[in-house]
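Okay, got some structures for you below.
Same chain, two partners: chain A is paired with chain B first, then with chain C.
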Partner chain A sequence: MILQMGWRNIWRNKRRTAVILTAVIIGVWSMIFLGALMRGFSDRMRQNGIATLTGHLQVHRAGFRNDPVIENRITSPAAVLDALEILPEGARWTPRIRVNAVAGNARHSAGITLVGIDPGREAAVSFIGDAVRQGRYLQQEDPLGIVVGEAFVRKFETRLGNKLVLMSQDANGEIASRAFRIVGIFDAELESTEKQFGFVHIAASRKMLGVGDDICEVAVLLPSHRQVEAAAESLRQRLPEDTYTVETWKDLLPIVRETLEIYDVFIFIWFLAVFIAMGFGLVNTILMAVFERIREFGLMRSLGMLPRLVVVEVLAESFFLLVLGMAAGNLIGLLSVWALSVNGIDLSAFSAGMEFAGMSRIIFPVLVARDIFTANATVFLMGLAVSLYPAVKAARINPVEAMARP
Partner chain B sequence: MKLSRAFAAAMLAIGIFSWVCSADEGKEARTLVEAAVKYYRGDASVSRVRMTIHRPDWEREMTIKAWTLGKKYSLFYITDPPKDEGNGTLKRGTDMWTYNPKVNRVIKLPPSMMSQAWMGSDFSNNDLAKSDSIIDDYDHRMVAEKSVDGKKVYVVESMPKPMAPVIWGMQKLHIREDHIMLRQEFYDEEMELVKAMTGEQIEMLGGKKFPRIWRMQKADVEGEYTQLEYLELEFKESLPQSLFTVSSLRNPGRM
Partner chain C sequence: MKSIRNIVECRDVTKIYDQGRVKVTALKAVSLEIERGGFIAVAGPSGSGKTTLLNIFGGLDVPDQGTVSVDGELLNDMSQSALAKLRLHKVGFVFQSYNLIPVLSAIENVEFCMLLQGVPAAERRRRARSMLDDVGLEDKYDRRPAELSGGQQQRVAVARAIVSNPVMVLADEPTANLDSKTGEGLLQLMREMNEDKGVTFIFSTHDKMVMDYARRLVVLRDGAVAEDAQR
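Moving on, here comes the complex of A and B:
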């Protein structure tokens, strides 16, 4: 009966209800939609970070991360590769040589990161496997081939099939140089990635640097990012701590990690800000509705309605407003996310400014159940909580005074 | 001297003959290039060179004292202007060190600096460190023969060997019949000229005919070049190896 009264009451002033419903709808929609966008940003950033040669885990010789020179390579790779057996089912790993080198042709020279990869294994771990747009990816036997980025090729005014001379310090501290031919050109999300990396076969890089069968790092990709900490811990137990360091992507990409954490807080602050704006509107509406009907509440009280029930009646009005608004807001939010998830939002125009943090050129919104739940719970619970004020006010109406009003 | 030149010319003539008759052109061209490199380098040399770095809006001159021994060792240091005096470069094989008296430090050039300009000139460190690579890293082919001032000049096209770590797509050498290198052209892989070094004003220097002026000019920028002018040049039979050490790089004044 009380619920029915509440439902009918909100439709007595249709315009006011429509206005406050719009406010709730826009509030909920913006929480869901912008939340999803921000998740899209941060997810993409994490995925980019992990795919750009980071993986979920990496194993290095202790000291390599502070001073990534060839002297700090892993000199007994067999021990490390054995330890990788304890990784969970479905985990993929790849060994790499990774050193700073100078690439040069007749007209240009620039520093790059020379990455020696096992073509088959690498493709399963990082982005390079399906990033080659022109030419071809490295083959199992590829002593001369190098794969470089599109932006690099533009900068160097070179093309497929041309020569590139790489120089780096070899294992004996001498200058090693070797000629490679550009066999493939890759595209990456970030232009900086395209300029930074040159991929050659691991055997070619080992020969150039004179390091036998040694490696610089092992990158591991796990089936799910929830397994990262456990896998890292078990690897740490297998590998002596003073010789090897095992790090997760959170250690390897501190900027991404920090940004993700900031985003978590930022989403919550956003929810709160939207709610505060919406909450004042709601309180105002209900308060107006209560003051308009002082005589009516006085009558109900005189007829013997308990103050408790008056509170419930007013809350019921607020409840219906909130539920209607949330339902419509969620629906519109989901629809707009769905509409954008096909093509994403193209930020290429601003991408130069975004790249610093490893953001993509195209953002796809990502829905996270927890965000939707938080948004709705915030609106619903806090909405009811702020409505308590007008409800209690209505319950405290003195029937005699109220009835005496004109 | 005269005899050896005649002998070399005779060798060349035989070489040319065999190139025409057989397909042994590569070997013959290589011999010529080797001879030219040996000619301009000598066994050992001491020289004083004025280097002029010319740009459209400024020009800089410095005087350099240089010692070379064979193809492996060389040592240069700046004697003038006083601001740069004492700056030195030592080359042993393909390794290079530089010394700056202001900070009193010897730096072994890392790979990243090898392709940078030497002392701000149009020569790169690599041009100095790898000056021998022209002999071993390339396949040579005689492509033309012309006559300049009554002397024969051979044009040799040198294509880098497939695995050779050289950045050029091709080098073209103009070598006079008496083994004087008149011009060395550097091409990129599209076979476009990148830069060229020219020898001019051939006269008697250090007991043999030698271009007094060497000029390195980039092809696509007008008015930018680096010029080396020999003020003194003396060829020697040998120099002590102990001269080409890091400690003499620090104290070039001793010599």
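Moving on, here comes the complex of A and C:
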């Protein structure tokens, strides 16, 4: 019956209840919706980063990352490939040649990153395997083919089937050059990716640079990003530290990592701000309700109701407000996330400014059970906690004074 | 157990309200014994200390000097929660107005004290029903207080006060907000309950008609007992 009283009491002042419910609904909705958007941003950003050749982790010759020249290649790839045996089941890896090169045709020339890949293995690790929109992907035997990005093609005013000359320093420090033919044009999330990379067969790049069977890096994709740290650690155990560096995507993409950390802080601050606004509203509402009913609480205390039961009654009111608001807030939150998950939000208008951080043009909100739980638990527990204040005030009402009021 | 006959014994009870510079002596050395089964009116003009006396009897307020015991228990040293328990189990209250909890129906209001006492729901319902029938509200179980007349509300309050079998019912000016005919009806009901069920009633009033119903009349003047007569 105490709970019933709480329930009925919140409907005594319908307008006030409607106002506070709206506040709770907007609060919970915004926590869920913005939380999902943020999650969408950050997941996408991480996935982009990982798919754009980074993988979950990479192995290089020590020194290559500071000075990515062909001299710093891995000269005994067999040792590294042996070490990869200890990777968890389902892990995929791919060897690469990766050097800076100058690409040129009759009209233009520009610096690109020349990536020599094993077409089959590469497709299982990075985005390029299914990013080719025109022409074809590299084949198992492909001594002359090159795959470049859509933006690159536009910039170079070239097209499928045209020639492209690449120049780079070879193993002997001489300038090596080789003509390739554009066999495929790829699309990427980011325009910068499309301009930066040119993909050729690993054998073609080895031959051009005169490096035998050597490689520049190995990229690894694990079944789950939770396995990254452990896998990196066990690889470090197997590969001598003075010869090889093993780095995770967090080491390789510091900007992405920091941006994700900033997002986490931002989400937290947002939750806090929403909660503070909602908490004040709630305390204020309950406090008003208590002050309006001083005589009533005086009566209940006179009849012998213990203070702690008065606390329970007032908390029941706030409980119902919170539960109703949360139910509607969650529903609207889920619906709005669902509505957006079909087409996502097109951010291309802003994407120029956002690309630096590896952000996509289209963002899909991502619901994570833990985020929803955190939002609801925060609202519910903190909501009840702050309602203790008016509840205790109600319980402290002196029955004689309350009943003597006019 | 000194006396089984007296439900309330108060000796030299003094109550002073200290409001900063002004000190109001609401009760001056009041000594009274209230017998079980009595039907007692506490009369006197406004400000004479009636409410204060009833509050002290009911464990709502504590005296500054003197002793009060209810049903053999000394109230003076009781903790707040012990006083709340005493009120819940031994005293029924009827106030002048605003007696009922607005969000509860008539029958729920009658059940309220039994709920606090922990009486099982089915028994609560049964007793509340028969009590409402006894006060003549058999067709008003589910009305909210706002849907009842003043007289009906006071009847519900009387029903609530009696239903949990207290040692006494304290009624502070129960008829003050009723017209005289309705007030008389309420007094007849209280008198009936007193005679049929042996419930002790102590009620305050400044209305001559109400005093006429009492079997004992205690008159207060300026916080002191001016007259105490059986009738």
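Here is the rule we use: the second predicted complex is superposed on the first by the 406 of 406 C-alpha atoms of A that agree within 3 Å, B and C clash if a C-alpha of one lies under 4 Å from a C-alpha of the other, contacts with A are read in each partner's own complex, and residues count from 1 in each chain.
Here is the rule we go by: contacts are C-beta pairs under 8 Å (C-beta built on N, C-alpha and C of every residue); 3 or more make two chains touch, one makes a residue touch a chain.
In this text, all values refer to a predicted model and were calculated from it rather than measured experimentally.
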Chain C versus chain B on the shared chain A, clash or fit after superposition: fit
First, second, both or neither for A:400, with chain B first and chain C second: second
Partner chain in contact with A:105 - chain B first, chain C second, else both or neither: first
Which superposed partner A:226 touches (first chain B, second chain C, both, neither): neither
After the two structures are overlaid on chain A, angle v-u-w for chain B, chain A, chain C in degrees (C-alpha centres, nearest 10): 160
Chain B versus chain C as contact partner of A:303, first or second or both or neither: second
First (chain B), second (chain C), both or neither touched by A:177: first
Partner chain in contact with A:14 - chain B first, chain C second, else both or neither: neither
Smallest separation in angstrom, by C-alpha atoms, between chain B and chain C in the superposition: 85
Complex interface listing, chain B residues touching chain A: 94-95, 110-112, 114-116, 160, 162-169, 186-189, 194
Chain B-facing residues of chain A, complex: 100-102, 104-107, 109, 111, 144, 158, 162-163, 165-169, 174-179
Of all residues in chain C, those that touch chain A in their complex: 51, 55, 58, 60-61, 81, 84-89, 91, 93, 95, 98-99, 101-104, 108, 111-113, 115-116
Contact set on chain A toward chain C in their complex: 1-2, 5, 8-9, 12, 295-296, 299-307, 309, 399-400, 403-404
